[in-house]
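Heads up, there are several structures right after this.
Look at the two complexes coming up: subunit A is in both, with subunit B in one and subunit C in the other.
Let's look at the complex of A and B:
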């Protein structure tokens, strides 16, 4: 679903992310870990062609589309419909003046879901993430952070996304809500074969959900491998530092 | 347009209105409703026909028959003030709709797009702002010829750049918000992002500014009439009524006082309502 080779993202002379190799297959969860400013989110955005003002080189193929070569229209077609982004601040990602139902309905229409099917698709997506249908009548400020994050996932499901890019999806949530969101993501992966690329600095979260992990520091991948191996026997001092920092 | 608004953006108006607890602002809102009703219903509510002349009664002081007295042609001043409100409010609404329509459209495009598009639009607004507003309005009104339409166009030409500036700064701030990024991630094209996400969230401060500006527009329209380039007889317009009666102030005070008071009260009402809206929008007082 995701195939990255020799990705390099530069702003002027400064290289902010360099990823030699990254693959995410169907039903797989790969995590990119590292502290703030390590290039994790930039890597994620480059997969959607959304690194404005940056010079991006290498080979990035997402859902069969060559992201660095594709026309803007082609990129817009896969954004949302095939690759969805779940952001760190769930409520900030929702327009404050728009009801959730309106937002989802518009996104579905934009990606060609027919009028008659829309209500059923919305109902199914909301059920999948265990959100009550009536929440669709609310404005973003009227729902909790956990509900907003699950709504973002419901939106991805409704649009039929095959890949979910999750940028610190639980860091703005409290512990119990974190568990709910992680549970939904894990279930979607297992039941629907969704590919999940997770960006996080939370190694505890990563250990519960990721199959493989990439550790980034100052824009470079310093360690990569099976999550169980990397987290149990880290070979790079920075990974050890991250693990030692766990409470 | 006087001062620019603070950084209050993307606070939906439906969350703002219930917060106008300022009594003065509520008084302003009530006054605006009453003035608008009086103006709209003038043909039915006014005690006399708008243009009924009765020279015998010329310059009669306020009485039970003529609450506001009469003007030099014997026309009932209360009737003229009510009808004048129609003209003044039409001028205010049309001018603000025209200038905000043009200004906000250009402003949100400039603010969202940034780069050379923003530079071009903002330099054009700078050119318009380089001229003193009243002077430019008067010059335009002289060229176009005196009429209500002229007043609307002449004021709107000098007014839109302020809305463009306000909308551009608000839109530039909104363009960096998470929900705009989220819309891009959903594949929403730029024009739809502007229409559905930037514009609705940039509108509240603009609406507040419009309410603050309404009084100012009425005053400028009155000034243009005063200078002889605005509304013309027999149109009832508050500014024109003041001009025609100004020499009578010491001898027949009512002829100039009542239309003057109408301008004053209306400008005051719009201003306090605008200030109330601005207070309700202060991000420091918005509950999260």
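Let's look at the complex of A and C:
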């Protein structure tokens, strides 16, 4: 679903992210971990061609589309529909004056889901993320952070996303709500074969959900491999430092 | 020795109570206040700082109520440490740290910065020129300036990277002051607080030695909080009960979320002694028994 080779993201002379190799297959979860400024979010955004003003080179293939070569129209087709982006605060990305149901209906129409099917698709998506249907009547400010995050995931499912790119999707949530959102993501992987690329600074969380992990520091991948191996027997001092810092 | 004590305190805004009848002693060895957003932790902290007057009940400072206490002494003894966003963006770091110092004491700024692990040269900078971790250290230095006996810490590390968080926790653990730590992160409480109080919907639902609470929770809510925390290499975090359910207005406030709720839970449970801690749950023995 995602294939990255020799990705380099530069702003002017400054290289902010360099990823030699990154693959995410169907039903797999790969996590990019690191601290603020490590280049992990930049890497994620570059997969959808969303690093405005940056010079991006290398080879990036997402859902069969060559992201760095594709025409803007082709990119718009995969963004949202086949590849969904889930951010830390989805409420900020939702129009404050639009009810959630209206918003989801519009998105579905925009991506060509037929009129007769819309209500059923919406109902299925809300059920999958365990949100009550009546929440669709609410405005973004009337729902909690956890509900907003699950709504963002429901939107992705309704649009038929095959890949979810998630940037710190639970770091603003209470632990109990985080557990619910993580549960939804795990289930989507298992039941629908969704591919998940997760950016997080929480190594404990990553260890419970990711198959593979990339550790980034100052824009470079310092360690990569199976999550169980990297987190149990880290070979890079920085990975060890991150692990030792866990409370 | 108890330095601050909430006794039967009910707190609210605009006549609506959000914290109900809480009794809590700030004792030696650190006290943790744990709960989700909206549980009333910060409201209680505001009352301990004298920023909110109880609707009923009292906050005791030694043998006097906070209302009657010597405010000058209180302000010196009890200092808040909030998230670093609380720094004035226009003020230089040195000025922020010196706010509570008299003119004659301002020479102590470099020493205070050093105490929290910052280079004295940073005094000339402004908050935006510092990293998140450095700003949090400045907030701690500012609180330490007046020589407090107690720090009231409201989520002091939640916005920080893990390595930065670890260093701030080391710093807090090394300080010779008492602390009330407000957090939703149980792991942090385990390090800094000998006793903890778990708050749900403005009520203390479990209170006792932190180690006991984390090892063998007796309230289903404490259990849900503990099991939701991901552990390195451990099983996936468990979501127990639906977090969306609102607190019940009658009976046990947790019962609509509680996987163990029974008919008895329609009666409000009082705090009672179970296995060396206070717990407000009719099913505490069942929770302990697994």
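General remarks:
Throughout what follows, the second predicted complex is superposed on the first by the 247 of 247 C-alpha atoms of A that agree within 3 Å, B and C clash if a C-alpha of one lies under 4 Å from a C-alpha of the other, contacts with A are read in each partner's own complex, and residues count from 1 in each chain.
Here is the rule we go by: a contact is a pair of C-beta atoms (placed from the backbone, for glycine too) under 8 Å apart; a residue touches a chain by one contact, two chains touch by 3 or more.
Quantities reported herein were computed from a predicted structural model and do not represent experimental measurements.
Clash-free side-by-side placement of subunit B and subunit C is the outcome of superposition onto subunit A.
In the superposition on chain A, A:146 makes contact with subunit C only, not with subunit B.
After overlaying the two complexes on the shared chain, residue contacts for A:76 are found with subunit B alone; subunit C is out of touch. In the superposition on chain A, A:243 makes contact with subunit C only, while subunit B stays out of contact range. Put simply, the three-chain overlay gives an angle of 80° at subunit A, taking C-alpha centres for subunit B and subunit C and rounding to the nearest 10. Touch criterion met: A:207 reaches subunit C, while subunit B stays clear of it. In the superposed model, A:229 lies in contact with neither subunit B nor subunit C.
Here's the short version: in the overlay, subunit B gets within 12 Å of subunit C at its closest Cα pair.
Chain contact summary for the complex, subunit B toward subunit A: residues 10-12, 15, 177-179, 181-189, 192, 196-197, 200-201, 288. Of all the residues in subunit A, the ones that touch subunit B in their complex are 48, 50, 75-81, 84-85, 87, 89, 92-98, 106-107, 110-111, 139, 141, 152, 155, 159.
Residue ranges of subunit A in contact with subunit C, taken from their complex: 35-36, 130, 132, 144-147, 174-180, 182-183, 186, 201-205, 207-209, 228, 231-232, 241-247. For subunit C in complex with subunit A, the touching residues are 36-37, 132, 161-166, 169, 184-188, 190-191, 224-225, 227-240, 242-244.
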